[in-house]
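Dropping the structures in below, format is structure tokens.
Here chain A shows up in two complexes: once beside chain B, once beside chain C.
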Partner chain A sequence: MSRAWLAVFAAVILLPLAVRHALASEIWIFAIFGLGLNLLLGYTGLLSFGQSTFFGSAGYVSGYLLKHYGINVFAALGIGVLVGAVSAALVGYLCVQRSGLYFIMLTFALNQMFYFIAYQWTTVTGGEDGMPGIGRPVLLGVDFRQPLAYYIFVALLFLVSLWVMKRIVESPLGKILQAIRENEVRAQAVGYDGARLKLLAFVIGGAFSGLAGVLYAMLFGIVPLEAIGFVFSGNVVFATLIGGSGSLYGPIIGSFVFIWLSESVSVVWARWPLLLGVAFVIVVIFFRGGCVEAWARFWSWRERRRMATRLAS
Partner chain B sequence: MALLRTENVTKAFGALTAVNGVSLEVEAGSLHSIIGPNGAGKTTLFNLFTGQLTPTSGRIVFDGRDITGTPSHRVAHLGIARSFQRTNVFPALSLLDNVWIAAFARRGSWRGFAWRRADRYPEVTERALAALRDVGLQDRANQLAREISHGEQRQLELAIALAAAPRLLLLDEPAAGLSPDETQRMVALVRGLKGRYTIVLIEHKMDIIMGVSDRVSVMHFGSLIAEGTPAEIQRNADVRRAYLGGVVVE
Partner chain C sequence: MLYALMGLGLSLITGILNIPNFAHGALFALGAYFLASTLHVVGNFWLALVLAPVGVAVLGLAIEYAGIRPLYRAGHDYQLLFTFGLSLILSEGIIVVWGPIGFSQLPPPILRGGLDLGFTFYPKYRLFVMVMAGLLVLGTWLFLEKTRYGAIMRAGIEDKEMVSLLGIDIHRLFTAAFALGAYLAGIAGALTAPIRGLSPGMGVDMLGIAFVVVALGGLGNLLGAIAAGLLIGVAQSIVALYWTEASVAVIFAVMAAVLLVRPQGLFGIR
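Our next item is the complex of A and B:
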């Protein structure tokens, strides 16, 4: 087993000892959301500014079914994944035909459309008040209302998600998506249908967002309107970039930094997004590969210094 | 038998007719060169063969099958591979991954392509390594494409085309931008491929063409003005006027 996986396991075990269980759960949920985005952003080179479309839609649909029909937790998760994937297929189909700025603006515009549907459709979504009253049903005798029980559930699903994403990026598809990112014309000439494969990346990313959306709704017992808003879409892009979009593990680190900062600093200082802004500027100017790159550079710098002192003595 | 045949292929961009009524036959197993001055329409013709562009009129037939207007990713699956005049590789990927992706595309089945680990396809990796060996880059398999020299990138460009195990290989000025030394090496490489593949070679440097080609077609302002063996082309007065500007080279 690699060092990265050991670090992830250690974090999963230690995190609930250090912070509130709900906060710890939120970190892993946001990490699942980030994993999905990073398949698009880091691997395929598509900056989607509308990921909350899939996150929120899944939250609303599964939340509604949980609230009114008390469906099984696994059914809720399955439906959430499906809603995430289907909504991503719809949005993706319209977006992958375009590239560059037009692509980004389309993901954003469609996100706004979904947002206003949720905003207007108050009988179902509760509009501005959100959709409260979503329970966490008992499953196999385990009461998920216990924060620790729910944390373990979320953490396990996160580990499964990470494993699935690792398989995907290490498969031929992972290589092909990177080839499309690097040079779409050549990828086409070699025999790949760029638009279709980008759509596939979208659907996979949407499925991950959907899973995260349902877990989020169950965590807080409510789907707030923000869960489908553009700020949420921005946050996940933000977190992924800070963590490092070039690496599978980047979004996990990003989620940790983002959620932890927003929780701990926002209590002390209401203007905390300013800090995030500064962090973002530093990343964009100095560390395009985010925390992952900063870490790698720190190690190579230390290594070089050690070599230098050894040579000097 | 002709592996590739075009019938009166024309491509117009508005008022500009880049390719004008070109009819051409490429014999299976031969090396067929297309020469002509810059802007004669040679690359446009390649783009028509490979589906990057759709002809305004005319037909393109590959192995008895009409491929006019077939999108480029489908054309690739039929077994037509090309190299590009401007280096067109995947910069941030390793050399092995560059050719691996091309080799994988020609695998008949997509089974497990989103789940099975990429290193569990030994036959694809083998073919990719063979393509790197063919162009002499096997020792640099793990380097990134953006880290190698321009000359090596030209070789990689060729390896990507070879990795697809093509039935028809379209080479667009493989020696573009190379030093005389590197050009010699590239010519030797192309000569080594002759007989193993059916090749269509675009060049505007006469000396490269004459030694290796079986047939030569000459393009000028979008039209074919002559076709024949290298010796016939060298004697052809029209070609000298149009292409060499009246200067006699021996």
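Our next item is the complex of A and C:
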């Protein structure tokens, strides 16, 4: 049991004491979403600007089934993961053939396609009003309508997701993905099929996004149209980058910072996305590398100062 | 034609600067709002049509100089975050200044009403926009193809290092390309205002289309962007006749279909 895991456990236990249960749940849900993106962005070097496609699609499909057919919670989660993975496979198939700017633009454009489908298909998705009335069914006698019960459920799923993601990035597959990030041509020369492995990373990332999407829909009881919009995709990129995309735990920190930031600026001003945009710009100009790197830089700076004072004395 | 204009501007920016410009839609929307406001002040549509896109271009100049220039070495993720943040600031700024509710904008008196073309009846203003956008596309193309500065820009798309080795200030080239791209987005927005009215969401809708046009035409391929813009516009109008709700989604479906067959875009080489 490493120190990082202890910190995560402590955070999971302490967070509901500090903030509202719904907000605490949202942080972990967003962290799952970020974990999925980070496999692409941090480990494979693919900047996907369309992650809300999978998040929103899973929310809509599972939400629809929950609402109209009252399916089991685990079935809803399973279907969400599946929808996330399948939609990611479709999008990924088109996108992984290209790299760089093209890749970003394609993920974004396909995100817009899904958005407009959700926007126009009002009979199912509710269009601009979103899809309300998604319940949280009782499972094994536990009433998930209790915010704390749902929080525990979300937190447990987050821990499982984190463990699975840790296993993935430490597995041979994870190492190959990192090799592709560093030098795709060389990875291919060694005999790995770059496009297929990138697609695989895309599908895994989509599955995580799908899980997060279903949890999000059940948390708020609604799938808003924004859940499949490009701003949502941008937010998760921001959260992952601000946390530090090079680290497994970066998106978790980023999710904290992002949800806390948007929560606190949204009460200040109705036009809070403007402030969020300002925050993006400030981060880009001054804090490139994110929290994890800023932390590391702070420690090395302290270490150097200590050495300097020791040498001086 | 407006799609071609948008795509051309975005293609210039992505091709030369090699950054994903997610603020392109916001610049488009600003063009429309600038038109409405300058028209309100100066009272002359033609003057406003000249001034508004210049305002957008100046803003683009400032953005490139202050914000994007330090980011060329930063990697696409931070460039994307910056332009995305910028787009949030600009589109929310529009709501702050002009309010969240859209409004319509009348075309100048001389262009109101329709024109009988014999076989069909067509609104005069739309005809004007078509001609105007066509002239702008042609003008931009001629500028890029026939002038010395245009040649430098095209060379910048091909090989930036070589261009700077030849003693050309690459940063000035980048700034100029961004300003020109912003200008084209601004004038496209200004021309659109009397057709579709103004609303804060107009930029985002256009942004997706502009990216599709660039992806279809091939990155940095200017002729491709023009052709793809026309193709998308025609496809959308035809679908809108039969199935209005799907007319936007169709744009993306066309893109997906083309990319399945030709992943490099219609005219892409790489």
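The working rule: the second predicted complex is superposed on the first by the 293 of 313 C-alpha atoms of A that agree within 3 Å, B and C clash if a C-alpha of one lies under 4 Å from a C-alpha of the other, contacts with A are read in each partner's own complex, and residues count from 1 in each chain.
Heads up, the rule we're going with is that a contact is a pair of C-beta atoms (placed from the backbone, for glycine too) under 8 Å apart; a residue touches a chain by one contact, two chains touch by 3 or more.
Only a predicted model underlies this, so the values are computations on that prediction, with no experimental measurement involved.
> Mind working out whether A:47 is in touch with chain B, chain C, both or neither, as first, second, both or neither?
second
> Which of the two partners, first being chain B and second being chain C, lies in contact with A:168: first, second, both, or neither?
A:168: touches chain B, not chain C.
> On the A-aligned overlay, A:241 touches which partner chain: chain B = first, chain C = second, or both, or neither?
second
> Touching A:312 in the superposition: chain B (first), chain C (second), both, neither?
Neither partner.
> Taking the superposition as given, does A:268 touch the first partner, chain B, the second, chain C, both, or neither?
Neither: A:268 stays clear of chain B and chain C.
> Pick one for A:140: touches chain B only (first), chain C only (second), both, or neither.
Neither partner.
> Tell me which partner touches more residues of chain A in the superposed arrangement, chain B or chain C.
Per-residue touch count on chain A favours C.
> Please write out, lowest number first, the residues of chain A touched by both chain B and chain C across the two complexes.
None.
> Which of the residues in chain C end up touching chain A in this complex?
Against chain A, the touching part of chain C is residues 14, 18-20, 22, 67, 70-71, 74, 76-78, 80-82, 84-89, 91-93, 95-96, 204, 208, 211-212, 214-215, 219, 245-246, 248-249, 252-253, 255-256, 259-260, 263-264.
> Which bits of chain A are touching chain B when the two form their complex?
That would be residues 167-168, 170-176, 178-179, 182-183, 185-194, 200, 204 of chain A.
> Residue numbers of chain A touching chain C in their complex, please.
Checking each residue of chain A against chain C gives 41, 47, 49, 94, 97-98, 100-102, 104-106, 108-110, 112-113, 115-117, 120, 230-231, 234, 237-238, 241, 245, 271, 273-274, 276-281, 283-285, 288.
> Which residues of chain B touch chain A in their complex?
Interface residues on the chain B side: 50, 52, 71-73, 76-77, 81-82, 84, 88-93, 97, 100-102, 104-106, 112-118, 121, 160, 164.
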